[in-house]
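Shared chain: chain A. Partners: chain B in the first complex, chain C in the second.
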Partner chain A sequence: MIQKKVCMVGAFATGKTSLVARFVSSIYSETYQTTVGVKIDKKLVQMGEQGLMLILWDLHGEDDFQKLRLSYLRGSSGYFLVVDGTRRATLDKAYILQSKVEAEIGVVPFVLLLNKTDLQDDWELEDSAIAEAVNKGWTVIKSSAKTGLGVEEAFLTLSRKMLEI
Partner chain B sequence: MADMHHPERAKQPQDDSAPSLTESEVLAELFELFNASTPSQPNSSLDAIIQPRNSPAHTCSETSASSTADPDLAQVFQHSADSILENSDSLSPDHSFAELQKLLFNFDQAQLNQLKHRLEEPEQRAADVGQVLRQAILLQSMETEQYNLFVAAMMPTVEQAIQESVQNDEQVIADAIFPIVGPATRKAIATALESTIQRLDQLLEQSLSPSALQWKLESLRTGKSFAEVVLLRTLLFRVEQVFLIHRSTSLLLQHVVAPSVAAQDPALVSAMLQAITDFVQDSFTVQAGDRLETLRFGDLTIWIEQSPQAILAGVLRGQAPVELRVVFRQAIERIHRDLGLALVAFQGDSSPFTAARPHLEACFQTEYKASEHKKGRPYFWALAACVTLGLGIWGYQDWQARHRWTAYLKQMGAEPGIVINSAEKRWGKFFISGLRDPLAIDPATQLSINGINPNSVISQWQPYLSLHPQLMEARAKQILQPPATVSIAVNEAGVLSAIGSAPLNWIEETRTLVRAIPGITQFKNEVAIAELQALGDSRSRIEAQILLFEENTTNLLTHSQTLDALVKEIQTLTQLTALLHRQVRIQIIGRTTPRGTVAQNVLLSQERANAILEILVAKGVQPANLVAIGIGASQPLSNPQIPSDQLNRSVTFKVLFTETSIPRTGSP
Partner chain C sequence: MMCEIMNELFAALNQVVLERIDNRSFHLIGTMPDWFGQFFSEISTAQSRFSLEKTFPFLENFLIDAEHFWQESDRGVLKSGFWSEPNPQGQDYQLEALAVCLSDKKILLIELAESAYQEKYALLQTGRDNQLSYDSLVKEIQKKEILLHCIFHDLVGQITAVSNCLELLGLESLSVRGRDYISVGRRQINQQAELVQEILQAFSAEMELLQNAITDPTQAPDLLICTQNVVDMFLPSFLARKKHLQMHPEIERIGNWKVIGERSRLERILLNLVENALRHTPEGSTVQINLHQEEEFILCTVDDQGLGVPPESVKYLFQRFFQVKGRAGKAGLGLYFCRITVKRWGGAIGYEPLAEGGARFWFRLRKFELHQSEPTMKNPPYPL
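Up next, the complex of A and B:
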């Protein structure tokens, strides 16, 4: 069994916690995020013969009141960059966060999650914006914590990328 | 030198470019070279070969001097050797080759043959391997890593061998391990027993001692479970969990948890622990290099020890001594020493860190209040004493109950009219069943008399008729209802004897009833008829009566009361005679003194008798039963107390029966 530390990074209210809530096992409540700024969960991903235990650090979304605690990122083997598809600003925030993360822990695999795809009517991300991210060589996956769309795929993709290194 | 035997080289014709030396020169050079390379080797044998060729010695030495460092020396050497073999006429090729081999390699053919033999002969090889095997194993054991590999290699074979041995004949292995099985089992049992006694003693103390009551109150008051209170009050400290965490990734490497401690998912706990450490570090100003060392929450403490690559976190309850901190520090140091490289290379695979478990387990320490074990387990011994006493009392009572039961069974068995079919004790109750004559004694009443609690006995008695004489007698008495004057007995032969006196009615009824009594074969009637007796008595009383008269008259001197009594007696007599189917005649006999004439006396006596008859008739006596007779002075009475004249001026009575039908008094 291989263990990997993975962080969930993104702007405030992009659905990070919801993304993991339905798919992981946890012993901690969400109040940890507002107190110590992180909630830790775990998820077992089966990669063929290899079992991979993801220790998920669900970091408090950065907002005006609370900055991202960069120390929590240390030792991560990968991260999810979560964007709320119904709020264009969260993608810009994601670019900033990605730079911060890379500055802190160096280049590690990550997946950009365009979350809340179930809210198509409110969708604000134009294809060009998405293409921009793809053009940067990023892995972009559309997801919905509500329907479960793309979530397992996202975990599998990041796991694969982490094991390739 | 390996090229010397190259087949192509051996066949190669002499090259033009090769030095043009004569054979003897080459040979000399060759030997010179050999001598130079092996100075200690005597060269007498070389000379022997050189001699037939008579080669000039100087040429040889020159060549030697110029060719010592020649890189083609080996080629030359080979070439020369081949030439010798090809051109030698005087020596046989085999012999020459052997000689050359011997010279060149200093090999003794005999030794070679011996080696060849040792390699080719399986028996010899086995003997050789056998000689070195023990040494080889010893050598292996000195190298830990090698030895582990060796053990791993041997393991399947040994396991297989044992398995097959057991399959073939399990007795062999059983016999071999027999001497160790006994002591090992005893030790295991002793350890388990000791541990059980200790736990039991603790349990008893925790449930019976005054402090236990206090803890129960505390448990009620605080709402904590009793076990929790006991733990808190008796535990000085205990290490509950130890985490080994990879420092840079905060991933869990190893986790050990004390028995009966509920632990959350250690992977998440270790990550959160790291997060909290980071949180504290980020949130408060701390000096560079300072790390969180202790977290405390009530009586729960988390000690954190760090090495450059790892974190050791111990979760403790209670007040741990400072010395334990040293144990933690030593543990992390040893882990760093043993697994430093693995920590650096860690990529998420925690399997190499299983080796750290002994170090983590060394941190497991627990200490209870010392007083517990110094008491010498008083609660256990108190309980043991109580149990022993209880068992003793129970045993005595049980013995006593069994003893009484046995006595009861013996008594019942001997009792007439009781037949026991089965008697046993089950689940603390006595069961008895059998037959009982309704006239036999009641077994239930005998229970209490024997000191047995009737509630502890379940009895089932079926009624039957016993032919035991005692029971037959009782049955006869019950049926015949004999008067108190009759005693009845039944003998072994079933003969019923009745003795005494009884009314005629009873006797007659008995004669009929006795035939219906089961088991009675014969009725031996010795009962006198009571009425006959009374009749005799009555007659005696009447005949004893003497009624006196005045001289020469029929004037009665006796009181009228006496006459009344006489009348009553006569009436009784009359009734009895009627009952006995008889007739009675009472002679009233008148007498006189001898004075006067006989005729006068007879007349007077007749008158006196007649006078009494009249009185009696007047008083209700049937005249038919009476007859008055005057006998004068013919049969005088005499009584020393009464003067004869007075005594004979009298009337007496004589009672006579006429048996119309005489009742029988003998046996039927």
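Up next, the complex of A and C:
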């Protein structure tokens, strides 16, 4: 069976852990429990005839308290850049992290996730910001770990991209 | 005897001690703690050779660093940092691995990091919770400030209109009783106007801050320093998007750059303008900030190389809830906030297209003269 390592990257409290929990175990919790270090999960996805084992590396969010250890990224076949759509600064952070990741492991498939789409009233990302990412050729998916919207799609999209290479 | 104790000791401390035998496997030293055995359900625990990589993807990665460490150093410890991993029953364990060199032996310790993990977790959780509440508070304050301004603005507008009507009515030929009614009405409306002022001044800490900022010279913000702070803050974001941000090279670093205002709000104004510029300037282009000394004012300009604002939208730019279609922030409050704040400080703010293409947002603020003890506010913050 094919195995692929996938990292969850993004500012703190953007929903990395929640997205993995939604995808792997179909659960969601409102309580924020920050990730210390790395949390590993596995999930088997069926890609047509082929079984693909995703090894999910849920990395802690980067901030002043904890810097991202770049060595964690080694060997990744793909990654998610997770943004909290209700906190505009997390998109800037995603751009910064993307260039760090690319400098570390080179070009591998990734998906930009604009998470927390269920919170429309607090949404801070305007269409132009989203268009900017799309224009760079990035794959952008709106998601909500809370409602599940876009989560399955995101993981399947990344899986497909990883298998293409 | 001693050896037996040692064997038990590590297990009692929830630590697994392993020695690297070859590229594939490890040899267990001492007794295996229960939790560790659970990860190897299919293998009998009597076995003492382990391949860790398959069971622990995290260790597969760490062992690359550990191998370098074992090759190169003969002292010290290399820590993996915490990781958590579910055992086959789905129960999460918090672990940490340590690579150690002991007289040419490559030793790997894996420990169940319960208390150390909890401590670090509690600290980080508090830090991040606080950061989140702080951020949402700042956002809330900005919204409230605008709301307050809107209420005030609307109230004052209506009061002034009623007051004017009464005044005009007073010029009509009226009965004595009619005049009395009018003068009662005018007294009431004037009281109302005073009340609104008083309420605002008494209850708005914002207002107080504003007053303090103006009279206390140590509080007057330095526009050059604020600009530098904002530039430093934004540089990584610009770099990541392959855009440039710079202060005009000819800005005099010495001299008086103090202005009438308040530092955190001034930085928020700059932040709003620079963020806008970052959004609209294309890849590879430069956003430039310049500061000019004028006689009574300091002028700050933020230039980008984007498409500029469509001419038909310019006059609405600084209005509340304004958005250039599909371009501005969702709430459309950023520039409005800038305008009401700058105006309150007796300054001005505006937009002009650049001849060579691109947008220029500018604002000017009154200089804070060092010898000045009384505020020279020509316009009171809220003219009635």
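Assorted remarks:
Going forward, the second predicted complex is superposed on the first by the 153 of 165 C-alpha atoms of A that agree within 3 Å, B and C clash if a C-alpha of one lies under 4 Å from a C-alpha of the other, contacts with A are read in each partner's own complex, and residues count from 1 in each chain.
The rule we apply is simple: a contact is a pair of C-beta atoms (placed from the backbone, for glycine too) under 8 Å apart; a residue touches a chain by one contact, two chains touch by 3 or more.
Remember, predicted model here, so these are calculated numbers, not experimental data.
Of the two partner chains placed by the overlay, neither chain B nor chain C lies in contact with A:Thr139.
In the superposition on chain A, the chain among chain B and chain C reaching more residues of chain A is C. Applying the stated contact rule after C-alpha superposition, one finds that A:Ser18 touches neither chain B nor chain C.
In the superposed model, A:Glu124 makes contact with chain C only, not with chain B.
Looking at the shared chain after the overlay, A:Ile2 reaches chain B, while chain C stays out of its contact range.
Once the two complexes are overlaid on the shared chain, A:Met53 sits against chain B while remaining clear of chain C. Within the superposed three-chain model, A:Ser77 lies in touch with chain B and out of touch with chain C [touch as defined at top]. By the document's definition of touching, both partners, chain B and chain C, reach A:Arg69.
Residues 5, 32, 36-38, 40-41, 55, 57, 69, 71-72, 74-75 of chain A lie in contact with chain B in one complex and with chain C in the other. Interface residues of chain B, counted against chain A in their complex, comprise 246, 248-252, 264-265, 267-269, 271-272, 275-276, 278-279, 281-282, 347-351. If you check the complex, the residues on chain A that touch chain B are 1-5, 25-28, 32, 36-38, 40-42, 52-53, 55, 57, 69, 71-72, 74-77. Of all the residues in chain C, the ones that touch chain A in their complex are 56-58, 60-61, 64-65, 81-86, 92, 94, 117, 120-121, 123-125, 127-129, 131-132, 135, 236-237, 239-241, 275, 279-280, 283, 323, 326-331.
On the side of chain A, the complex with chain C involves touching residues 5, 12-13, 32-34, 36-41, 55, 57, 60-61, 63, 65-66, 69, 71-72, 74-75, 87-88, 92, 95-96, 98-99, 123-129, 132, 136.
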